[in-house]
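Common to both upcoming complexes is subunit A, partnered first by subunit B, then by subunit C.
Showing the complex of A and B:
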């Protein structure tokens, strides 16, 4: 029976590829919006805490604990407050992205050699200029790696968000479940899952390029 | 170490469980003040909560134990083979495994096989196998070649090198992989409710479907508490087991 259902997969895709592309774009949009927000918030937190031991350890510990919370639990807890759909999806994706981004911002900023910062100050640069022209550019490759880890994490979690009527390819995975026993159940779940894998690999590939072209020239390997 | 810093360390070490207990206490105190209707009282009683929690823990612990027993020896074998191709395949598969959504694995397996507890267990093992395999292999590969050679030069057999040099030196990376697998399993076990495998996910899903916020809240908070406590306990074990020189 399984073979028979699989044999229809090309037919299934031919009829629904527009649908699949739209879900994939939604999935990508959810991940991209969340990453943009999480980068803004995470880098800001990192900047505020990286050279203060107590706030640093408190925020890293809190983010480390937050990331262990199962995503279905968080989505469910958010839904009475934020309703269903995009809102709980984006908020939870930002939530899970914070740990890798904050941690890598802290690590990246701490790895900037102290004598560089000092000589920049000695040249008469203002603290803001030191931050923008010395510290952040030098820490950037490490920060991008954090965003990349967050991207991999959120692509998978976004699939679960379909359960609270969130956007993206998870819709197909859950449709497979709800049509369990029917002809297309496997097609739906398989299409959804494989497209998520493909999307994750494509995004990871894109990050190779992003890392390369957003790294200051002198730091490129 | 002075007594004072010792006390502070102890305090820091127990901050997490104390916070978890406080949150659980607050949630249960709040639920205690509610007038429960028939749906709520059917789930919000000690027996039901303990059953769901037990199912959840069994699923998590058994699958992680199976993963440890299966993935670590496989990694040692792959390491022993000393073939670049085998390693590249393991790392590549590990990357694809990481990109696969857990909910997809669980639901696909339920569709092609059957629903229920065993399916959930198998999909949990399948899902956590590759990350642990990859971590173990990476840990073994990271052992300094000079150290390995020195051990061989002292006359150790390859087996002695494995047990007395490579595995202890790789243990932090291996344990970190197992800890991630454990925490992952708590989350994936929540999803197991979709394929009728029980666990605390039942309460979350029922609470959502029947619009009973109290049921949803208790289920979600319990599952989060389990995840946080398991991570905390694994962290303690990690510190305890790490070879002293590291």
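Showing the complex of A and C:
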């Protein structure tokens, strides 16, 4: 029985590879757009709260609680407001990305040695220049690690977005699950799942390179 | 018009800093005038307020009360960023930016002042040479690729970059071994002889203060000035027990190191003795006497001809000690 269906998988892929590539690209786009938005928002939140104890623990606690909301539940809550498709998908992915990005921005900025900031101020840099030219570059390796964690998280969660007719490989997984017993049910689910795993590995590999080339040379190990 | 980059005077009047929640000020009623071109040393035990006093001058720390003027201008009336661009600052931890090259580190203030690229590059080259680092080798390295002593030279070069009239240096040679430290001090002394900045230099180390300072302010708790005078005067005549205790033993030898042989009367030479130059110190002369076990050491003038000789008694006399009255009790 299994042998029969694996033999079918070849056939299945041969007939639908264009479709699969299309879904994989959608998946990647959803992850990339969400990460870009989450990075902008998350780093901004981090910059605003890292040096203020109360806002800092409030935002980190809030982000920590947020991430425990099951993704299906969040999507079910978002869809009455945002409808179906890309909108609830992107919003939920940004939502889950915020915790690692905010947290790492805060940690990264707090780890910048105080004497370097003092040295910069003592040379007459404005606070904005100290932030942009000293604190952010020094915190960057930690921040980028946060974005990488968020990327891993969102590749998986994006698959669930098919529940609200979202884009990406979740479409295959859900089609497989909803047609259990039919000839291609397992092929759909398996293809969707494997491609998600493959995509996760590719994105992680990309982050190894991004981390390396975006880290200032003087900070590289 | 005075040269804007040579030193200017600094005056602190009744300056007090009280950190929140502390009963006593870290600095209380501190008043001192630093003359243009003077290298003033702050020495005192850990926690006495040296760093706090210094950081009020460039407003890294805002005084609770009192006034500070540089070249007659009240620093509290100036824009702090503009003020700091004209005060060289070397912090206790060196503080080179690890993500920038040595050249970029040194260029920080010139860039803030809007210098042209070419002018910045020339200046970086010149400064690296000034602190005895080859620009070809070091300009494009990162701080972690330098030894501790090299980093400290870069810290000094960076503070000098825009040729500020005032320099604040907080234990700039603190984190080096004694030999490197001695060499850095020697280089720094020659440099200061050239550039004549007004410098406040903080140190724990009384030897360092004697070696470098035009004047030394010996501080105790809450930045109280116990004595502020030239190294020779403090060594010869400590104001109180506290200062004497701070100098510790070896005051005589430290004083000898400050006096060039050329400044004391010489006796007639003999033919057999080893020789020193007039520019060497009395401490060098004593050292040679101890090493050779001889009675006297000959002294040569700049042209190399023998000008006279020194004995133990002559050296002691230079410190104002009475010549030993042979055989008679006082």
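In this text, the second predicted complex is superposed on the first by the 221 of 221 C-alpha atoms of A that agree within 3 Å, B and C clash if a C-alpha of one lies under 4 Å from a C-alpha of the other, contacts with A are read in each partner's own complex, and residues count from 1 in each chain.
The criterion applied here is as follows: a residue touches a chain if its C-beta (ideal position, glycine included) is under 8 Å from a C-beta of that chain, and two chains touch if they have at least 3 such contacts.
Because the structure is a prediction, the values reported are computed rather than measured.
Per the definitions stated earlier, placing subunit B and subunit C onto a shared subunit A by superposition produces no clash, and the two fit side by side. Touch criterion met: A:74 reaches subunit B, while subunit C stays clear of it. Contacts of A:120 after superposition: subunit C is touched, whereas subunit B is not reached.
Our angle of interest has its tip at the CA centre of subunit A and reaches the CA centres of subunit B and subunit C; in the overlay it is 100°, to the nearest 10.
Once the two complexes are laid over each other on the shared chain, residue contacts for A:26 go to neither subunit B nor subunit C. In the superposition on chain A, contact of A:135 is made with neither subunit B nor subunit C. Contacts of A:197 after superposition on the shared chain: subunit B is touched, whereas subunit C is not.
Comparing subunit B with subunit C, more residues of subunit A are touched by B. Once the two complexes are laid over each other on the shared chain, residue contacts for A:218 go to subunit C alone; subunit B is not touched.
Taking every C-alpha of subunit B against every C-alpha of subunit C after the fit on chain A, the minimum distance is 19 Å. Common to the subunit B-facing and subunit C-facing surfaces of subunit A is no residue whatsoever. Note for the complex: subunit A touches subunit B at residues 2, 64-65, 68-74, 76-77, 79-80, 152, 155-156, 159-160, 163-164, 170, 173-174, 176-177, 180, 185-186, 189-190, 192-193, 196-197, 200-201, 204.
Across the complex, subunit C is touched by residues 113, 115-116, 118-126, 129, 134, 137-138, 216-219 of subunit A. Remark: subunit B residues 16, 95-96, 98-105, 107-108, 110-112, 115, 183, 186-187, 190-191, 194-195, 201, 204-205, 207-208, 213, 216-217, 219-221, 223-224, 227-228, 230-231 touch subunit A in the complex.
Considering their complex, residues 58, 60, 80-87, 89, 91-93, 95, 97-101, 108-109, 112, 142-144, 158 of subunit C touch subunit A.
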